[in-house]
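Multiple structures follow.
The same subunit A turns up in both complexes below, where it pairs with subunit B and then with subunit C.
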Partner chain A sequence: MASRSRNVWRALMAEPLGVMGGVIVLSFVVMALFAPWIAPYDPLKIDVMHKFSGPSLAHWAGTDQLGRDLLSRIIYGARTALGVAMTATGVAGLAGILLGLIAGYGPRWLDSLLILCFDSMTSLPMIMFALAVITVLGPSTGTLILVIILVSIPGYARFIRAQTLSLVRSDFILAEKAMNASHWRVILLHLLPNVVGQLLVVLSMDIPVVIMLEAGLSYLSLGVKPPTPSWGNILYDGYVSLRQSPGMVIVAGIPLILATLGFTFLGEALRDALDPRLQLRTLT
Partner chain B sequence: MSALYEVDNVSLDLAAPAAGLQRLLPGVAPRMTILSNLSLSVGQGEMLGLVGESGSGKSTLARAMMGLVDITSGSLRFEGQPVKTRSDFVKVRQGAALMFQDAVASLSPRRKVAAQVVEPFQINGVPLPEGPSTATAMLERVGLSPALAQRYPHELSGGQARRVSVARALALNPKLVIADEPTAGLDVSVQAEILNLMTGLRRDLGLSFLIITHNLAVVRHVTDRVAVLYLGRMAEWGPTRAVFSHPYHPYTKSLIAAEPQADPRKRRANLALKGEIPSVLARPPGCEFHTRCPIARPCCAAEEPAPRMITPDRMVRCHFAAETEQRISGGRHGTELEH
Partner chain C sequence: MGLNWSTDRRGLLKAGGALFAGLAAHPHFAWAADGDTLRLRATADLQVLDPKGIIGELDDVIPRCTQVTLVRLGDMREGNQITPYAAKVFEWKDPKTIAFTLHDYLTWSNGFGPVTAEDVKFSFERIKGSDSAWAYQFEKLDKVEVIDQRSGLIHLTEPFKPFLYITLPYYGGHIVCKAAVEKAGGSYTTSIPAQCGPFLLEKWEQNQKVTLVANPDWKGEKPAFSKVEYFIVTDDQAALLAYEADSFDYTKLAQSSAKQIKADVPKDSKLIEARSTRYVWLTINMNAEKLKDPGVRQAIQYAYDGDAVLQGAYDGLTTRSTGVVQADSTFSRAANKIAARDVEKAKALLAEAGVSSLELNLYCLTDSVSQATAQIIQSSLAEAGITVNIQPTEDAAYWALGDKTQGDGYKNIEMVLMDFAGGIDPIENLVWFRPDQIGVYNWSFFDSKEYEDLYQKGLVEQDDAKRKEIFNRMEDLMEDSGGFIFICFRPFLAIYRSDINPVILADGHPDPTQFTKA
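After this line comes the complex of A and B, so read on.
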């Protein structure tokens, strides 16, 4: 296994876009983890005297309508964005793997039942569903994560199910059964490793989508409650005060774009690196 | 020669791909017969060849014998014990091994060869006979370099993958190896190596082999007996030499005649079959071969031929097997059986 992960690492490093994506993602992670040390100001500290100030030496990215330092808010916003995105995609991914494997490998009636659930879930318009849940539970970061998890599970489960279905009839699974392999062995040793790699890629490419979703719902005041800094909240504030300070929307938009690009590049490089069949060129 | 694996009167139906509302009515959904009243036995230490066109049910029979698909009726016996329940098949799978047609595809794509060849031990709770060096020892046994242990399946050549699957099949010292197209997709020289490997193993270990193939040259060179399958039914079986020199069933004759001959003097009359094997969804009534049979008569479409034992070790299922024998090979009396 050690040499396997070394190979994956080498393949990842051979991809210039992958390296770039990795660097971007890593810097966001560092930003989120060490926000209190990196941020020059308290993101919540109001200083009305200096509201809507443009970029200056004191405030590199300027201040918002309450005079809060935008750079600090962006840095703390990374915390919200990554926290929500990683928790939500992580939990949804795990649930998707479990349900997808059950649907793809289990008895047919169970498959039909699960597919029915996924379909009814997918048929709900996402924003309407989010509104309904938030109306019941009240807007909070936790509710936001819950909504994103519920909305994402069907897609991941379907993805895993489709992969599982294409594998259960393949020769190597039959060969396992012809050697008396148990269901657990087939699922854990032979199905899981073959479906999980692809899903990791999908997940890493979905993280920017979820970051956008968080920003979007926060923008609609359905997500992270102000004054907690979130890129979506900053974007909303920027939109409201577009006339006084057009720079705010741009400042809040840049990290969104960068995070999207970084995770997408990393995801694509990961997809190539995780497939041993594509590793031949890096082995030689 | 006592029977090791007996297949007795086995039939296998599958639900045909039904369209629309038919799926909701189980009684109406069409069934397709893949195997029909098939009997076969593999003797101890015997190499039995099973031939037939694509779609004749050869691989399905192999899978049914390993319990990978359920038979609809009939019975299976392994080492004299009836094989019915799941636990019976557990025993069968410990005493018999199946080699798949596509050797590379039968290996798990994300596990190294070393991990895969020792799987039969791990699955069946058998301690590794040679500890950590078991995998390399197994590879050496089939003539592979131990360095291959660290490779992934896609890094193997066709012949290497085939040897790996032989190594894995031999892990638990089975009594029977079912080899599905063991030479498919290999160079002729590699084919010969694999066949030599298998005949060597049979000689040294007394293994029985069921070799499924449509390569008649393979059957002719390595098998003791041959069984000819057509559309899920047995057309003919008997000792390989006798069947090749003296085929009774018109289907067997056409198969043998279709084999390329290097010596023009040995080339036979053109008996090549016309058309494709019929679909299992539209199984011809009566004798299933009558639609393509060069000697079919009206009664062939009406009546199913019963298995007929020509000699105690030869079976043929054809109404007119005996008569046509004379007519077709009339000019070649020199090739009579040497008994």
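After this line comes the complex of A and C, so read on.
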């Protein structure tokens, strides 16, 4: 097990884009965790007399339409983005594992029922579904996370189900069953460790999608409520004030681009590192 | 024989470049301004063209082109002058009677014959006492008496001076064809059964464009343009870019663009900067559990930072309003009773009321100005120890907040940032705060008998000095109740080509029939 982890780590380190992605992601995580110490100002502090000031020594990224420090809002925005993305994908991933394992390992009728539910959920257009839920529950960070969880679960559950179905017919599982191993033992000791790695790759690749979704819904005033800083909110404010302060759109756009690239590079590198076929190809 | 087709990136770019160059060279590619076509921008599509059910901007503008009113308003920047329009004779016989005679040249399209006094009677009396939002405009109408085909008398129940301003030139004042409307089932929406104005509605491309062409049967004052095109562009930034690309001759501007446009007005363009009739205020619901104590409501009034709102949300383009009566008019109140901010006083009032941690919801629309205003209010109230949770709400859900037909929610909403398009006469703005408007548009639960009595007095009072006294007292009552913080009248900003002279009515909508060439 330890040697496999070492191999994965080595493979990750050998991929320059993966390293770059990792550094970017780590930077955002540090930014989010230590925002109160890193941010130069209170991101909510309004100072209308200094609205739309350009970049200066006092405000490196300038100020927004209410005179709030943009850099501080971007730093705190990382908290919102990662908080929403990590929580939503994390919970959705866990629910996906649970439901996927039940569907893949459980009785046929339960599998059919769950597949019917997953397909029904997937058939709803994501944005329309998100808008409907937000309209009913009202926009808030909690609603946003709930929406993302609901739309993500079917995909993850289907993924885990497919992995489980291919594993339950493998020799080592059949051998365990022949030795009267309990269902729990089979699931927890043999199935779970073999499916979770692949799901982690999918989750890491999905985080930028969720960050963009949060930004998109916040841009439409359907996500995080003001005055909480969110990259989407800042982007919207920048768009509205495009003529007065074109820099705001750029300032809000940069972290979105970087986060997308960082998570994508890291996810791709992780996928390659965890895929034994690719590793084998690399070795040969 | 197989077709061997290959496309590489360079080839694709070359082909794209050639296609673009070809299109650009084509004379019809550019949005060339046609000297005889007036191109305007609308912010939303039309909904109901029947004067009885008019809702939005185009619903107001199109009937101005396709129908007529007995009198019409002039530009708001020139004092909203009233002039006879469909009526060649228009006079007050006494304070309760108006005599009118229609122009002989007015005829309906689709073969419905001349525009008659009977049409006027039908148009007004169908709205009076109906469920129309504009029924209040006809509250003092007794009846329309038909004298002959073109003449009639409008009888009022009481002397009512504002009838001239709030009823005749506006929404419900548009004359419809009795025979055509009855044939259409008594009302209509987007298809006008008969038109008689200087323009005819030629084409409606949903959510894109409305085209009006000159009415060949119109024998009145000839409009300066033979065609009016309305382009529907919701987004202000996109509209300004389109204007700069010469897609329109006139567009309203977003407030956020004002500073930059003022500093650098686009070539061959002029800017209109005025105060609109749209009044903005903060509703504080006296019925909400946390706001039942008048001291708490007053604390909010003292904690509110009006200057910060004007600077932050309105770019200093407008000033603090003293009520809902049009600012700087003969009838406006001189000052707010709580004109200056006093955070210490707010804290003391809260302490006196025994309130230590007050947390309130503030609902607002999702536009940038509303959200900026809400955030400044949130910040200023926080200084007095009041926590405000902003609830940005989409249009449909927002208008249901205080609507009693949507459940009991209207009883408990706490604070709402509101703005209404006002009229010329104060009565039009004050009407929404009467007791019978609770659960309709009076979301503060402001229930004052004195206010209602004054309103009724204001309706019939003929003396302007006495009317001012009445209206000022009504606004005093509103402020004293603690249910309102008067914020401002929104600034009106628009840009137009220097070769036209636009006419903007009091509601901020252009009147294409009165536009002229410079």
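Please note the rule applied: the second predicted complex is superposed on the first by the 260 of 284 C-alpha atoms of A that agree within 3 Å, B and C clash if a C-alpha of one lies under 4 Å from a C-alpha of the other, contacts with A are read in each partner's own complex, and residues count from 1 in each chain.
Rule of thumb we're sticking to: a residue touches a chain if its C-beta (ideal position, glycine included) is under 8 Å from a C-beta of that chain, and two chains touch if they have at least 3 such contacts.
As the structure is a computational prediction, the values presented were derived from the model and not from experiment.
Trainee: Using the touch definition from the top, say if A:Q65 reaches subunit B (first), subunit C (second), both or neither.
Mentor: Touch partner of A:Q65: subunit C, not subunit B.
Trainee: If we overlay the two complexes on their shared chain A, which of subunit B and subunit C does A:K225 touch? Say first, second, both or neither.
Mentor: second
Trainee: Using the superposition on chain A described above, determine whether A:S241 touches subunit B (first), subunit C (second), both, or neither.
Mentor: The answer is second: A:S241 touches subunit C but not subunit B.
Trainee: Identify the partner contact of A:H190: answer first if only subunit B is touched, second if only subunit C is, both if each is, neither if none is.
Mentor: Once the two structures are laid over each other on A, A:H190 reaches subunit B alone.
Trainee: A:L174 contacts which: subunit B (first), subunit C (second), both, neither?
Mentor: first
Trainee: Have a look at where A:K51 lands relative to subunit B and subunit C in the superposition and call it first, second, both or neither.
Mentor: Second partner only.
Trainee: Would you pull the subunit A residues touching subunit B in the complex into a rising list?
Mentor: Those in contact with subunit B are residues 170-172, 174-182, 185, 189-190, 193-194, 197, 276-277, 280.
Trainee: Show which residues of subunit C lie in contact with subunit A when the two form their complex.
Mentor: Contact set of subunit C toward subunit A: 237, 240, 254, 256-257, 259-261, 308, 311-312, 366, 368, 371-372, 374-376, 378-379, 389-394, 397.
Trainee: Going by the contact rule at the top, pick out the subunit A residues touching subunit C in the complex.
Mentor: 44, 46, 48-49, 51, 65-67, 135, 138-139, 220-222, 225-227, 236-237, 239-244
Trainee: Going by the contact rule set out above, which residues of subunit B touch subunit A in the complex?
Mentor: 63, 66, 68, 90, 93-94, 97-98, 100-102, 105-111, 119-120, 123-124, 152, 154-155, 168
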